[in-house]
Amino acid sequence: MSRIRFSASSGSPMGACAPNDDVPAQWHDDDKPHEECGVFGVWNTKGASALTALGLHALQHRGQEATGIVSYDGERFHTHKGLGLVGDVFGDASVMATLPGHSAVGHNRYATTGATLIRNVQPLFADFEFGGLAVAHNGNLTNAETLRKALVRRGCIFQSTTDSEVFIHLIAISLYASVEDRLIDALKQVLGAYSLVALSRDALMGVRDPLGVRPLILGQIPGEEGEGPTWVLASETCALDIVGAEFVRDVEPGEIVVINDEGIRSIRPFDSKQSRFCVFEYIYFARPDSVMDGKAVYDTRKQIGVELARESAVEADVIVPVPDSGVPSAMGYSVASGIPFELGIIRNHYVGRTFIEPTDQIRNLGVKLKHSTNRPVLDGKRVVLVDDSIVRGTTSRKIVDMVRAAGAKEVHMRISSPPTMHSCFYGIDTPERSKLLAAQHNLEEMAELIGVDSLAFISFDGLYRALGYKDRQGACNRYCDACFTGDYPIELVDYNAENPTTPA
Amino acid sequence: MSRIRFSASSGSPMGACAPNDDVPAQWHDDDKPHEECGVFGVWNTKGASALTALGLHALQHRGQEATGIVSYDGERFHTHKGLGLVGDVFGDASVMATLPGHSAVGHNRYATTGATLIRNVQPLFADFEFGGLAVAHNGNLTNAETLRKALVRRGCIFQSTTDSEVFIHLIAISLYASVEDRLIDALKQVLGAYSLVALSRDALMGVRDPLGVRPLILGQIPGEEGEGPTWVLASETCALDIVGAEFVRDVEPGEIVVINDEGIRSIRPFDSKQSRFCVFEYIYFARPDSVMDGKAVYDTRKQIGVELARESAVEADVIVPVPDSGVPSAMGYSVASGIPFELGIIRNHYVGRTFIEPTDQIRNLGVKLKHSTNRPVLDGKRVVLVDDSIVRGTTSRKIVDMVRAAGAKEVHMRISSPPTMHSCFYGIDTPERSKLLAAQHNLEEMAELIGVDSLAFISFDGLYRALGYKDRQGACNRYCDACFTGDYPIELVDYNAENPTTPA
Amino acid sequence: MSRIRFSASSGSPMGACAPNDDVPAQWHDDDKPHEECGVFGVWNTKGASALTALGLHALQHRGQEATGIVSYDGERFHTHKGLGLVGDVFGDASVMATLPGHSAVGHNRYATTGATLIRNVQPLFADFEFGGLAVAHNGNLTNAETLRKALVRRGCIFQSTTDSEVFIHLIAISLYASVEDRLIDALKQVLGAYSLVALSRDALMGVRDPLGVRPLILGQIPGEEGEGPTWVLASETCALDIVGAEFVRDVEPGEIVVINDEGIRSIRPFDSKQSRFCVFEYIYFARPDSVMDGKAVYDTRKQIGVELARESAVEADVIVPVPDSGVPSAMGYSVASGIPFELGIIRNHYVGRTFIEPTDQIRNLGVKLKHSTNRPVLDGKRVVLVDDSIVRGTTSRKIVDMVRAAGAKEVHMRISSPPTMHSCFYGIDTPERSKLLAAQHNLEEMAELIGVDSLAFISFDGLYRALGYKDRQGACNRYCDACFTGDYPIELVDYNAENPTTPA
Amino acid sequence: MSRIRFSASSGSPMGACAPNDDVPAQWHDDDKPHEECGVFGVWNTKGASALTALGLHALQHRGQEATGIVSYDGERFHTHKGLGLVGDVFGDASVMATLPGHSAVGHNRYATTGATLIRNVQPLFADFEFGGLAVAHNGNLTNAETLRKALVRRGCIFQSTTDSEVFIHLIAISLYASVEDRLIDALKQVLGAYSLVALSRDALMGVRDPLGVRPLILGQIPGEEGEGPTWVLASETCALDIVGAEFVRDVEPGEIVVINDEGIRSIRPFDSKQSRFCVFEYIYFARPDSVMDGKAVYDTRKQIGVELARESAVEADVIVPVPDSGVPSAMGYSVASGIPFELGIIRNHYVGRTFIEPTDQIRNLGVKLKHSTNRPVLDGKRVVLVDDSIVRGTTSRKIVDMVRAAGAKEVHMRISSPPTMHSCFYGIDTPERSKLLAAQHNLEEMAELIGVDSLAFISFDGLYRALGYKDRQGACNRYCDACFTGDYPIELVDYNAENPTTPA
């Protein structure tokens, strides 16, 4: 889900008029694309909100800025939301006690800022004529602003700046009677990449967009004798593992699953289409121990490293990952190249929410809060640095400088994705094209800007080979790789309206 | 404005599903009726929000639980709200710095509870197609719930449980084009007693209900040479004094004043009616240094004491007020009776927001946190206690017991209002009829229950004589005194719908 | 107790090196002398800390900045302290639950500032070889700094900047064996005006300085059958009333009372001296419903008003008190003069801990946060303002200006104390002499500076007549009135050491 | 430094009588020994406190519960302390602004608990006759309680329960005149393992205990032209790297370095002894990119893995580290054995300060908040798990269970330290002997209890070979390995006094 950026006079919400969109620097300075959200839902279990908190904890990598849970106890819905990590927001037993019930949905959010934006934290909840509904979603609507303007014109009052609220209002004004029909009515009006969990009095629902760009999986905990099973919906399989649930299947692209005490039903309101799962989930977003769309993420990353070593071999003394995401690819590269794998860069995980704003003096010291070099491993060596992507290139430059300062004789950078040349409009926070290094420079320029002796990205064919295909052609458009190719499978309605002449 | 109490499944707001309507005990234990809110608005001045904070501070007696300000800086609206006193919420210069602009509206609120109800704190703000609008109101709509149900059915999503939000949605869905026309459209649909200030990009607006039950006054600070004046709207004149504004006039019943840089315009969308100002403002709510509807509150109270002494004389040694509200009437009673006025009860003003929940042991000690007796003044004396009203009678009983424990030989209670026999539906928080002492008992029974040697209330004619009329008849229905008479001048739509057979 | 102001390098405490002695403006802007502390202790009752919290609440007027309680449960001592009012710090049942035990001591503190100074909040507690001891005191030692320097030289490490800690270290290093003997040893080394309550494992102790400058009284709640009584020590009788205790007697000057399960013992380690009770307690500090040293405070104040009217009559239309402290004297003045008493100035009690720092614009509006004028009472009138004292004169000037702005034709100021010409070193926070208006100007100049048509103070003889003596002579030095006379009954050791040539 | 646990009646500090020693569960549930503290000091630089915060951030692994900095600005000392990570406590620029000065000392603390224990957070500061002194220390005194008792008997009042305060009081009561002489006087009375940094008005001092058990290193940032260098003292070299300082040398065992504007002086008040550096720093505590006592920690750990593979080979399919500390040894094991290294266990770094207290239901699910298994890597495999130590064995058991649940066919555990059979009294938080698995069971029993197919620890000789010696004999008692051998090089005074018959 993504923030819509609109002018001050339209759409800003009741009770909080001047949103501040600055995000604390250190959350962005790693210069990575950022997944915007993880979702989790559970039906039919004691302590539904505790299970949800655990599931959200396992999905913490998909959003660290805020989190929320709505539970339903058969009579009332209960909400708790907060800024911070799942463990901080839900760590207190007294908080969990305010969330009773046998069903719940939860959400991890990337990139809110400041106390006032608590109203943007999901799940959103609304009370309709037919009862309450809580909605949490991961992804981005490409026509959200267009829809929002029409809704505001009609008299709808928005509280947040999230896409989810567009869903909520579309459901509220639908002329259909049942929640399901209203949900379908709403879904037919939106365009975009999204996975959505929703909780009403009667059912837990899960939806994946028609192309299945964003992930959503279904799991189950067998019930005690005489009781029905507990159903789980989650963004990734790692959230099933932590609650002891078994993987059942992916929710299918364009499918609505409706879970209630009678069991699970499937609704497919859309015409069948070729699915286009986000390939970047494999490269960077997903947790390495997740299995996505039938493929183990860790294995895939290692295999990309193997392909990368084959394509872009270089004589060197050590293979050093940029931790943590570069580790599996570096291991694969090491195995394929026979060059030793070493932890030449140490990551400091104790980075709090804020940190000292450096004075010039300190900035000049080249301080790195997150990474430090392991000098004995680097000194005098020819180093291959393996990382997963280059966005702006700013962090890459700093890391290369650190590695050279630690004595590296040569530094070769190998990237386990193709060059990121286009913005994502499907739920990933990427800068606009003009700030993407690969969109502005050729390989040689990039190598020079980053300060390396050589630079190579995995090829498209190499990437798809690592995914088990013969080459990109062989994958038959099975994935969305628009950030590399510019081939956008879902129409960019809002973007095109605002930028009539500039292709994304 | 008042909270609507509705069942869990309807109308409860997005993101906060289980409102908790318990109010901390000590805020209610004085057993007084409570005014529900003060409003303030200012146009055309530097530091509009600082002036608003001062005005709200002067109106603090009209609501102590929460407060909020919305300012407009020519481009954006800015909001800050909080639970607590004005000085606590706006005492920080860094908070005031977030509220720039030359116009602002503010609100003091009685009786919210708990952190989650911050969304009920006014002013409410919404962004419409035509721009933002902030609304703060004092009073109560008698058809709010009926309207709310219809709006929810239409697809409107409510965020708060306040009447103000009904206004907001009526404005949002109006088919008229201009803010003014939309406001009039909304006002024509609501019934009730209310004073309202609203701030748009283009104007500060003030509205008083057609009968003028709740107060709203207009003031002015002359502008520097070549500049227009600063306009102020406020619930009471004491809020003009604190900001150095001069009283211009009362906003008239049914009048909309529209203030912008061109000056002030008046719109009267309603048919002319007999006004019915709330008589209880004189007796208890208003600050003694305010002038309401042309009459000084302090003088009126003293005069009621004079009338009371004439009507219900008693031989006694000292006249003792129940502080603070009983003081002027007791002074009048003393002057008229020639019996000395003494401070026999001391009020402790240092009562924090919460206090120790008494154990049984402490409760048995007859602890009084707010009042203590001044024994040397009471010991061995025949005491006339003067208070402004009796609601449930619980506090009166405790005070009488305290006074007797301090040695009073006789205790006579004199009340500066007629017996409170009916609930208020026009913005005053009163318990339901079955809990009103005077609705359940005759004078003799009341005296016995309260434990006094004699009890007398001001007569209707005495009350109106103190207000300058010959008698009640002579006041020609110029006031609303429904809480004493049951003569409700505005239809009780919601109440009648829910209680088809029980008169209010 | 008072803060010692010392240079940065000596005596500042472990763990907090840079005390900030700025006090929020609004706590001082009333330009009154400030009592520095109230103390309370209780022995042998269930819920000792709840009783202590109630007693401290009744003593809130003696200190509003911070409060603390230490209880003893037979095994361990328990402490809770906080900045703010008693109701705020101890309002939470969960806090009270952390303070179990049948005995407790508590303290209200005036004039701490900032979160870091929590270590200055009393009672102080120390664990000695012989067990724990909690000490709370009201007053000021005149040789505290001299003692502190000697103790630091000896190797004692101070944690706070309070006089109480000097007691603590003197007790710690005493060579005597028992707590009592160590306490006496410590008391013999200190000079000053103080009342002290202390709690050990074995006893509750109360001490009054040899001249009895500061108050301390003893009360009792009769025990249930077969149980001993509950004993109470408190600064004023109003704290007995709130807990339902009966007044037994004043602790005598120079007396140590030791209360344990065997009953109460009295130790008198000092030579008998003429007692010198602080006369300002009657004029301003004490609560009007307290009885001090056998005299009712309220009556005394009224009587001062009577004497003042006799001494300094003036033709006028209304007598107006500066609330709240001027009220009883104004009543007495009104009775004696026959001129009506009216509430011409209204006090706003809703002043939070901080308030908006006024911009120049607002400051120029002459804003008064605490007081407002009741115009109808003042307009066109000859007004006698009655106040209790003039310190710097700044507030008096503002109030006179307000009263004139409200239309008063003449303003006459009458003060119920003699001119404050000297600083207090015995526990009252007064500015240095150079800032005392009466120390720098004669009566005529003062009247002009304050802006009144006439100004009069009660005479010394009038003051003592109100206290029941023939004249000052007749009171035979029964009181300390050093702030008016400069006659300091206790040697100013520290002051004289630092100001060898300037008399206080 | 370590908390002394004493009975309620002795030594508990002023103002906080009932310490609560429960530590949040999740900080201990990893069942590792815990380093108790990191120290940092800097002399002669702008923004000394910012540099200190950075240094403490790099040392965060040595203590995560609390942190503090004392700076000196040439006139005053300034302190800020807080519970939480360095980035949380010092992340706010406004906080850093309260810590001006060109010199500072700081401290990271392991294992405080609860808000009230803020007084235990170091550096401790005291104001002496000769000026202020701030002291921070890492380690543990073996005669702290004995000294404390004597000091309390003498009249010293303790504020904290830390060993550092014993230093402070010993310095305070010393009869020597200069800070240095007083420090030496104090050091001669204490026994234990400690590294200490202290800051006075005149100098930054660093001390290492006579055997050099705990680390302390000296670094330097060259000064600008004409200015002296900036000196840095820190627990580990990684703290030099982050501030851009160059390693100068280890502070030597028993050495006091005194740094002031004249340069650096060395004092050696103790007789020369064989140094005994803590071998566990290499195995677990130190950051892998630190160099300790001339040896790179990362290399040493890898080499232990190599030795372990040689000593305890096993046929297997994958080598899996228990992250993060087991990674380098597992890499070494993989290299030496030729069996592939795989990330079969994923660590979740987003663990907040608290987490949901599991209900029974959740507990039964076998939830792991910190670790999850990467099933595809483990399923059907013979797995060698490499970890650094086994303390109680509880976590090992859970991890083995997880690995088996993920499908592992065989699980072999290899530990990169000898069996932990004795408690540490020199600054490492270990449970008492009766809870150490290796102290209670032989190898076979341990393997069964942990649930592995085989279990092996590195041998003593293997460990010392990895450190570059021929065998343990060859290391000539160069290290303290008391936790493995029970050979305690410093007398356990307190322990022996309390446990006269039970050897440690």
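Order of writing sets the labels: A, B, C and D. Residues in every chain begin at 1.
Keep in mind that, in the parts below, a contact is a pair of C-beta atoms (placed from the backbone, for glycine too) under 8 Å apart; a residue touches a chain by one contact, two chains touch by 3 or more.
On a predicted model such as this, the values are computed, not experimentally measured, just so you know.
Trainee: Using the contact definition given at the top, which chains are in touch with both chain B and chain C?
Mentor: Neighbours common to chain B and chain C are absent.
Trainee: Tell me which chain's centre, taken as the mean of its C-alpha atoms, is farthest from chain D.
Mentor: B
Trainee: If you average the CA atoms of chain B and of chain D, how many Å lie between those two points?
Mentor: 62
Trainee: Where the CA atoms of chain A average out and where those of chain B average out, how many Å apart are those spots?
Mentor: Taking the average C-alpha coordinate of chain A and of chain B, the gap between them is 50 Å.
Trainee: Take the average of all CA coordinates in chain A, do the same for chain D, and state the distance between these two points in whole angstrom.
Mentor: 37
Trainee: Would you give the residues of chain B that are in contact with at least 2 other chains, written as numbers and ranges?
Mentor: Nothing qualifies.
Trainee: Chain touch graph shape: choose line, ring, star, complete or other and state it.
Mentor: Here the contact pattern is a ring, one closed loop where every chain has two partners.
Trainee: Would you please name all pairs of chains that touch?
Mentor: Pairs of chains that touch one another: A-B, A-D, B-C, C-D.
Trainee: For a test of understanding, state which residues of chain D touch chain A in their complex under the given definition.
Mentor: Residue list for chain D touching chain A: 46-47, 50-51, 53-54, 57-58, 60-61, 64, 84-88, 90-93, 96, 238, 241-244, 287-289, 291, 296, 298-299, 327-328, 331, 335, 340-343, 346, 348-359, 361-362, 365-369, 372-377.
Trainee: Note which residues of chain A are touching chain B in the complex, please.
Mentor: Residues 8-18, 70, 75-79, 81, 119, 124-129, 131-132, 152-159, 168-169, 172-174, 201.
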